[in-house]
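In the two complexes below, chain A is the common chain; its partner is chain B in one and chain C in the other.
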Partner chain A sequence: MSTQKTLLERRYATLGMALIAPTVLIFCAVIVYPLFSAIYLSFYSVFTPTLEGEWVGLSNYSELLQTGRFWNALGNTLIWTIGSLFLQIILGIGIALVLHQNIWFRSLARSLILFPYFISTVVAVLVWKWLFNDLYGILNHLLMKVGIIEFPMDFLGTMPNAMISVILVGAWKYFPFVVIAVLARLQSIPESLYEAAKIDGAGPVARFFDVTLPQLRDVLVVIIMLRAIWDFKEFDMIYLLTGGGPLDDTQTLPLLVYQEAFALNDMGMASAYAVVMMLIMLVFMLVYIRRTKDDGGV
Partner chain B sequence: MAEVVFSNVQKKFGTFTAVHGLDLNINEGEFVSLLGPSGCGKTTTLRMLAGLEFPSSGDIRIGSRVVNDLAPGERDIAMVFQSYALYPHMTVGDNMAYPLKKRGVKKAEREAAVAKTAELLQLTPLLSRKPRQLSGGQQQRVALGRALVRDPQVFLLDEPLSNLDAKLRGYMRVELVELHRRLGRTMVYVTHDQLEAMTMSDRIAVMEGGKLQQFAPPAEVYAEPANRFVASFIGTPGMTLMDGDLTRQDGCWTFSAPGLSLPVGPLKDIAQPGPACFGVRPEHVRIGEGPVSGLVQVVEKTGHENIVIIGLEGGQRLTGRVPAPQSWTIGESVRLSFDTDFAHIFAAGTHGERLNLTQAPRSANHLNLTTVKTETQS
Partner chain C sequence: MTTHSITATRISRRTALMGLTASTAMAAMPMRARAQSAATIRWWSPQGAPAQVAAYEFQIAKFQELHPEITVVFETTSDEGYAPQLAAAFSSGEVPDVVTHLPSFAVQSYYANGLVEPFDDVINAIGVEDFYPGANDVFRTADGNYCGTGIGNSAANMMWLRTDLMERAGIEKSPVTWDEMRTALAAMQTGGIYGAPLPYGSNSMTSLIFIGFIHQAGGQVFTPDLQVALDNEGTRNALEFYRELREYCPPGATNYSWGESLTGFVSGATATGIYTGRVLANVRDQNPSIADSITCVTYPRISEDVAPWTFNDFPSVFIPAQSQNKDAAKMFAAFLFDPEGYIQQLHAAPGHVLPVLESINSNPMYQDNDIIQKYSQEVDLMASAAAGGFNLGYESTEHQSNDKAGEIIGSNIIADLVQKVVLNGDNVDEALSTASAAIENIVRG
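And then the complex of A and B:
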């Protein structure tokens, strides 16, 4: 093997460069530039409407670490992300397993299941706010009728109800993604593996744990990583549902960034929060890359 | 205690019947091959026996138990799948240990059994690999190992050697026969390779179009094919089959085709004058002298023998086979005759029944004739 590049190799290399150049340019414009300007802004104290301010060095960061708001938001973000992700995965796998069976309404159910995922967040939140409403909401009405509660419950205005409601709506909205991804994988597991397991004496439960789950492992790693990142930075649903309230009990990091930037008009501080968020997500990314590199999968 | 019995088993997929009223009595400890062309229902039959497919009607019995309502795991069988079906996330060792584990065998015992089977199948150096790190042939041996590691009543094998190279296949054939002799277990072996079926089986069940065509020991299937299909399917190169007419005069039968008129031996009572088919295996065609004449069209040299294809005057082609030193040149005109003792007459139609009576005692007769032939040749 000579290290000298042949003419053909050089021609391929040039063509390759030419083909990826537009992507790289656009990537720089919409990702790299905003990223660096956020980092840049986080060292300034900036008044949002004028975008003018002065260099303050690391003081945004030290303030961030000292005030309770950041830690509170981080805690909320973790609770929300873990809670909703957990439900999404359990619900997603469960329903995917059901839909994988040969039931007659399978194709109809498969399209219906996508409904929450495709519906616009604003519409979904409006509907859920109706359902949750303490005066005329159907949820309270039903719960009272069945006799579980005596007085209407405040689903969104008190804790821990608000956080639970946010987590439930999040799980409802995003579990279809898990269903679709898991279902696609389930369909590609060869039937003969199950047959071999049957002959080897494995019952339904053993078949799930010994055949299905190991086969789902790779896709689950991807789903969990993607959903964790997406849930971590979820903004619109939570903002519309509770606005971060009551007080700031459901205020997650993205809401905090928004509040700093556009309510408190401190773009510098908001950038600092955003940069820290990015660093945390970088950890997810590194774990993900490690996981997928460890073992090329099956 | 593990004979396998199919009684009038039928399998339908929707309106398509994959297996028609199958009756099969497999004795305890017997090695039986299901042989037939692709799509003839071999795998379906095996899967019904395994409990992976449910018969539309009829009963399947293993030993003293009717197994129609037993789950695959309860039938005490082991199976090698056509597609291997190895668990991709488990190592070779874990794959082989899995059936034992699910039956509650202790770890130490499991390891000993796996080590022993791995040794037999030359898998020992591969035990810690994952299936995807193996070649097709190696995967197939692991699949075989997963079945052999247990000691079930019946082994079901679905074309377990189809992906091995010729040398390994030969080796595995011998190993399997040896293994079968040692274990004394019933084995049902699906294959479309007649060489495998002929060399390994105690009996062969020849299937076609979902129907059992013949169920007999290899020598019998070869020498006394039940019908025209079996005759044409078994043997390489295949039996020459010529369509013609059967006539009877003074109790003696004559087969005639364009350019050909042959007296034939005693026929079964059901024989009727009319259209029929004459069949003769290549080794029973004597080239050199005789009443029939033809032109050599093709000579295939396989090394130890030559396959000679001869065009007859009537347009039919005929295949003969001669030991290597004898050969003919293409275009040469030759005369030939048939070993009429070994020629067959079949009723008309693709599955026409064999009409000639068996020459008894077959094997002795056969041996006898071979020696006579050798003598005349030398």
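And then the complex of A and C:
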């Protein structure tokens, strides 16, 4: 009996391994291989089109840490990530609370609010560039019509306008993700908690801070974690909006990786930047894991 | 330090993943085999305006009629995106077979790294004697071969003018010098119309256009034997003048590239423009009300003692060395110059891409175009200016070919120099020193 059980267990184990093997192989092909490739390439000086180069050891890393470009790009990346994330969370929670109410056309509003998130980045950027346009853009037109400004404003070509514009577009594009997640959580908060709070004399503001927000805490940690990682590595939207300019004032780390790899044809240095980016994100991840562990998991 | 082939290492690593990819490869094999026997040619170009693509499709259809065993597939890249796309293609070995309309310096750079097939036999097939004298000099390589040829010429920094606004402002003649230009812009900038749509953005257009200003001030970026010479009197004068011109440009010019600059003039928002002959077709199609009031001249320079310097990126045609269909690609590359199709391609953007063959320019079919006839003076001027044009890869007839030009443009060093001095008001000495050092760094590799 025990031999049969062992055989059955072995068969189950084999079946389990066979079932999981394709996933593991795909994981290795699309995650592990590129990761180790990037680390490997970062020790070389590599001409991108031919992928030929020479061993340079840690000199790519020492060079990037010594040049101001890395620190400037890191600073820009943090400003963009924090600024955009902050607005996404505020907007996302606010809109989710509105959509949780029993308002007219709630279903239609819930569908429309997702529109920015689903629209292609290229299309979104084209629309925003048109809105920001100094000669024909409706934003300048309205601001001048109302009398707030006398001459058109340069939204994307001067600082701090460029960074603010990028952050605003980023927040507009990605806040629906927060809305979806928060709205789902709001719908599962027991109504009895609000009733008890009401009986205790809590007003709407107190109910939000004492009931809603604590209930949202876990989902917000996940949202902040995911969006921080995604925003940190955002490339296409910033590249298309400003190209990293003016000067390199909106040049984030992903744009720097792209420039090293394809404008300067130095895949080794680009890989070094990418590896450092990964290490920074790893810090986010470790903080997150530690936090969730302390809390007994999400 | 020894040089290693990272490619070879990649292949061996891929081999380690053979178990994963074997089934996919097996499934793909019959398709690849069919593709090879059918000799499918992939043609890449960043020039993808609908009228141009229609002309390409016409050329492809004609070629396939003559060679039914060959299929040609056209794929669009972009001016800003071709470098990463080609880098990925070269490093993966999945290259297009024919590439057109890339600047000459990009082709020189690829050839210097063994990525491009010598093009001499295609030039011979087209007819060496039919090219304008010196038209292929920019494609001559260090080993004496040609890395490609021009599929056209472009005069990318022509100054476009609104004659009606000039008349209204009392400007009697087109500006030739910077002083005259400054006076003209100041006079025409009125009533919501700006003087010029010059680029001040972090992009290649700013670099390419400003290099023109350096030469129009009598300066240069490199010496003829390719020593970095950016810090010179010409560059300093060009920076000063470019800074002065900022007040005549729209506020958003700090983020302008080719599209915004073109639209600025065509829409009537600026009194002058800086672009190729594409202005002509766009004005006809998008703003015909100014069609009778536009003309062009070569861009003004610091004084009449300095010769005009026209930026010609020498739109090229070349064949990647890794192409699996070189013979078919060479046949097709030569066929692109067949008069019927070539003229249709040129007519798709009249004045924008100018012919490189003398027989085409004099061909009645080429002249039989409403834009070329209406603006014959402007088209002739652009043709002659482009024929004597230069770019960073070929700064003058005395300069050696510079295969680092593409990386210098891609690095935005020149655009950053402009932004630092003009927008930030940084110290010119420091900005020039930083830019020179950065260019030196790229040259040294």
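Definition applied: the second predicted complex is superposed on the first by the 284 of 298 C-alpha atoms of A that agree within 3 Å, B and C clash if a C-alpha of one lies under 4 Å from a C-alpha of the other, contacts with A are read in each partner's own complex, and residues count from 1 in each chain.
FYI, a contact is a pair of C-beta atoms (placed from the backbone, for glycine too) under 8 Å apart; a residue touches a chain by one contact, two chains touch by 3 or more.
The structure presented is a predicted model; accordingly, all values stated were derived computationally and were not measured.
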Clash or fit (per the criteria above) of chain B with chain C on chain A: fit
At the CA centre of chain A, how far apart in angle are the CA centres of chain B and chain C, to the nearest 10 degrees? 150
Going by the contact rule set out at the top, does A:Glu54 touch chain B (first), chain C (second), both, or neither? second
If touched residues of chain A are counted for chain B and for chain C, the larger one: C
Return first, second, both or neither, reflecting whether A:Pro34 touches chain B, chain C, both chains, or no partner chain. neither
Quick check on the superposed pair: does A:Arg217 touch chain B, chain C, both, or neither? Answer first, second, both or neither. first
Considering only the touch criterion stated at the top, classify A:Gly16 as touching first (chain B), second (chain C), both, or neither. neither
For A:Ile199, is the partner it touches chain B (first), chain C (second), both, or none of the two (neither)? first
Determine, under the contact definition given at the top, whether A:Pro160 touches first (chain B), second (chain C), both, or neither. neither
On the combined arrangement from the superposition, state the nearest Cα-Cα distance between chain B and chain C in Å. 46
Please identify the positions on chain A that touch both chain B and chain C, taking each partner from its own complex. none
Within the complex, chain A is touched by chain B residues 50-52, 71-73, 77-79, 81, 83-90, 98-99, 102-103, 130, 132, 146
Show which residues of chain C lie in contact with chain A when the two form their complex. 1-7, 9-10, 13, 17, 19-21, 83-84, 86-87, 90-91, 110, 113-115, 200-203, 250-255, 264, 267, 269, 407, 410-412, 415-416, 419-420, 423-424, 442
Contacts from chain A onto chain C in the complex sit at residues 25-26, 28-29, 33, 37, 40-41, 44, 46-56, 132-136, 151-158, 162, 242-248, 258-259, 261-265
Which residues of chain A touch chain B in the complex? 190, 192-193, 195-203, 206, 210-211, 214-215, 217, 298
